[in-house]
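As structure tokens, here come the structures.
In the two complexes below, chain A is the common chain; its partner is chain B in one and chain C in the other.
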Partner chain A sequence: MLNFFADPQWIIPNIIAPFIFTAVALMFYGNVSNSLALYAVIGGGMMGMWGSTLYGAGFALSSDRWNGTLEYVLGTPSRLIWIVAGRSFSAAVLGLVNALAILLIVVLGFGANLGIVNPLAFLLALVLTLVSLSALGVLLCSSFLLTRSAQVMTNGLEMPLYVASGSMFPIALLPFWSQGFSFILGPTWGIDAMRYAAYASYTGMAFGYWADILVLILSTLAYLAVGFWLFIVVERRVRRDATLVEI
Partner chain B sequence: MIHELSDWYPFRIFVSSANFAFRALFSWLRPEMWVTQLLALPLFQMAFFVYLARFVQPGGTSIAFVAVGNAMQVSAFASIFAICNLTSEEKWQGTLIPLISTPANRFPLFLGRSVYQIFNGMATIAVGFVYAKYVFGVDFSRADFLALALVILITSLTMTGFGLMLGSLGLFLRTAMIIANIFLFLGLLICGVNFPVSTLPTWVQPVSYAIPMTYGTTAARAAVQGANVVQLAPTLLGEIATGAGSIVAGYLLFIGFEALARRRGTLEEF
Partner chain C sequence: MSLNVEKAIVVSDLCRAYHTSKGIIRKKREVVEAVKGISFEVEHGELFGLLGPNGAGKTTTIKMLTTLLTPTSGTARVLGYDIVKDVMNIRRRIGIIFGGERGLYYRVSGRQNLRYFADLYGVPMAIRDKRIDDLLDMVGLKERADLRVEGYSRGMKQRLHIAKGLVNDPTLIFMDEPTIGLDPEAARETRAMIRGLVDKGKTILLTTHYMFEADELCKRIAVISNGKIVALDSPSELKRFVKDITVVEIEAFGVSDKDLATLRLQAEVTAVNAELEGERQIVRIQTAKGSEFIPIATKILERAKVLDVRTKEPTLEDAYLKLVT
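Then we have the complex of A and B:
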């Protein structure tokens, strides 16, 4: 977070894609009704969190590599995974700026009146989605440790999640064969839960709010478990092969 | 004639610069990673907007409009993002000062750096059109493929000129990454990629028509619907004019920003 405040211009590349994607969605919607505006704000918020997390995770260690500070980070007694998890979480929080920007546009620009049916349930789903995205960031960061192409992978992984999680449209529209991939993504369940909490008559994936929350928590725990294991394996390997600071 | 050309100093700079850029790219990026990127980027960008259009306007006729528009615009990853970052990349690698200190003419130098991305942009659009036909079901039965190929070539060339113009800012700014990211995606909103330019606010439309991609998307849709080269000529001439204007403006900006950065000592700032 301190890193961000030292050079806040970097929020722009992190959220510009989700911001413009959401703006295009608003243009598609035409005369923005309240329900569609809320759809855009929720989807835009999730995309912003993911865009920011992905860049946060992708650059969490790459920037240390480039700046020559990775050895010092490793020299501290803290486990590398906690350092990365903290960076990933703060990046996800910063991504909420996109939801805020979209919220201002739809309220001030389109005059939409956004009403959330169950604000507490919405907040719970939002926080859990934030944690889920951070966990996904940690999982990806472990594989980024192995490659010099973290930046390329970061660019390439942004849009698949926007599509697969149904951030702006129901996943039922996707080809049947691809929906299995959507179901193993925590954010798919998180965004569905947020829509359940926001709309009075939302049917979504038909499992209900609490089922979504349960799957969201379980998938987050699974990401963390695999992320921890990968970090231990990868960290040991790159230390042994002396490839950690290879740029 | 060939011998004379190879002796021509700007041409030698151009070839040498292009050669360096190609070798540098593949020493940094593995070929399989490049292929993955080439295949994945168009697919997911097109999927996002096509499914969004399907959700908002089920059964509407806009699917082909959106698919073709995005197939063209996805080339911005090469022509805007990669080109715009050329100067910043030189800064990060610590090679900008040695490069600028040479007497080489800046025009063939940076044109050579960008040549590979022109082909990359064309390949990306071609992959996008394959997805448009086989994944998103766009009807190509009436398409004039010669006209479409010409549209792809001109759009890649002119958008690279536009990217070079934006890249000149990287000489003066700490990084061109911010500008690159903004213009990479801005086309989705203002270049007639997802909806006609006429639906935008009136004050935005002149900006749209100052970007070559706006003409490129219009011409590509017309070529898919069967328009030939002669019918597309006015649109393509507009595209060439904006592309040439971008290159001239870019060159002048480059010279200006280089002088400014030298004077303020910001060439190495990143």
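Then we have the complex of A and C:
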């Protein structure tokens, strides 16, 4: 994480971009209601957490490759999946800074008054969503190990999750054929759970808060299981093909 | 727990091929055999050298033994553990020092680099910082430990690599050309450090293409050329390959490739090597004729400006040249 912070460009995807998205979205509406403000905080925060996770996990692997540290990291007795998981999770937590920044904007800049109906349920959903984002980052990082273009892939994967998870707008607005992708994303259920906890009368995906939490947990476990297997396969492959040193 | 094994490293018919491709539309696949069936053993507490020219297979061999590459065929055991099946057991017990400009996190300090790798190696928190302090002291980086690595000199980075390779207190250390690119003083200090590690009972496998370094440090040397071991013995025994040879060393300007080729064709000559030292050329000729060859050599080099001619006893470098050319 120190290496991550030492490079100032982390500020762009983690703070500036979600800040701009949220502020612009709110300005479109003019008068900002409490429910809209909460929508912006949750959505913007999610964007920040995902951007941070991708950057922290994916870019970190690219950095390791460029620095020549990837071989050394692989040569330690710590399993690569746990190294990546640690980076993913800490990066996702860092993304919470976005949520706080956006909260300040809507409260101070737009005068909104956020009233979360069930703070404990909200907090549980938030924490589980963070873990789910980290697990998703771990899953994707296994493929990053195979390529020299991890950073390009990182950039390409940011937007799809913003759109498909319901961060920017409800997934009901998406074409029917694309909604399936939304449903396999754990964060989609996490955001829905947070909205159930935050709003007094929220119908969302109509499965209810606890159903969302259950799917969130199961999808996270699935990401970790598949990610664990993929990392074993990928490590064998890079040792066989000698691609770790390729820049 | 380590297995109770007699040898630190046992390598048997180890091979490694690389698959590459040329072209974009019509890809032509090629197989490059970097290591072609090498076998050797390293004793506990030994400083064993792998000597060879660039591209001989030294680094590939080390990478297989440190579990970074899988062999194409053959077997090897490091501290009793198989390099394919027992990867984690090996990684816990070895240190890797590849050196060079890369392999460090530049935007954080030397100490932070060591802390990170100490954590990856599972060094207990109770002893981690003390060990790091001791290592920084050993490599002479204590004063600069908290500065960013991007500000370190080449020699300082190399010393940090050594500290990093020792952070888990390994039983066996792999060093790939540890003094390459260092100035003479830094190189001397590094060699002294290496000797100190052997005195502490560490086993070291070191690759180098500096003959004097191998001669000075190694108990035994395997000479590797074109993926195969062409000789394996102590430095003094390797020099016996050239015991009947005298080296005629000629210092000159303007020696052409044609002149060198003519020298090599002489029946009495076993090897010819030319190096540039500043603007002068040093031509080393291995010959059984000794000083009797000097008139023949100066006749061949009559178009060049010869500054000095001398005869020398053959060194390990001469034995190496004979083995690899």
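Here is the rule we use: the second predicted complex is superposed on the first by the 238 of 247 C-alpha atoms of A that agree within 3 Å, B and C clash if a C-alpha of one lies under 4 Å from a C-alpha of the other, contacts with A are read in each partner's own complex, and residues count from 1 in each chain.
Basically, contacts are C-beta pairs under 8 Å (C-beta built on N, C-alpha and C of every residue); 3 or more make two chains touch, one makes a residue touch a chain.
Values in this document were obtained by computation on a predicted structure and should not be read as measured data.
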Which partner chains sit in contact with A:Ile20 here, chain B, chain C, both or neither? Use first/second/both/neither. first
Check the contacts made with chain A and report whether chain B or chain C touches more of its residues. B
Considering only touches as defined above, state whether A:Gly68 meets chain B (first), chain C (second), both or neither. second
Can A:Gly156 be said to touch chain B (first), chain C (second), both, or neither? first
After superposition on the shared chain, which partner residues are touched by A:Arg240: those of chain B (first), chain C (second), both, or neither? second
Name the contact category of A:Thr76: first (chain B only), second (chain C only), both, or neither. second
Check: chain A residues flagged as touching chain B and also chain C none
Chain A residues within the chain B interface of the complex: 9-10, 12-13, 16-17, 20-21, 23-25, 27-29, 66, 148-149, 152-153, 155-156, 159-160, 162-163, 168-170, 173-174
If you look only at chain C, which of its residues touch chain A in the complex? 18-19, 63, 66-70, 88, 91-92, 96, 98, 100-108, 112, 117, 119-122, 148, 164
Residues on chain B engaged by chain A in the complex (per definition of touch): 28-30, 33, 36-37, 40-41, 44-45, 47-49, 51-57, 77, 92, 177-178, 180-182, 184-186, 188-189, 194-195, 199
If you look only at chain A, which of its residues touch chain C in the complex? 2-3, 6-7, 67-69, 71-78, 83, 236, 239-242, 244
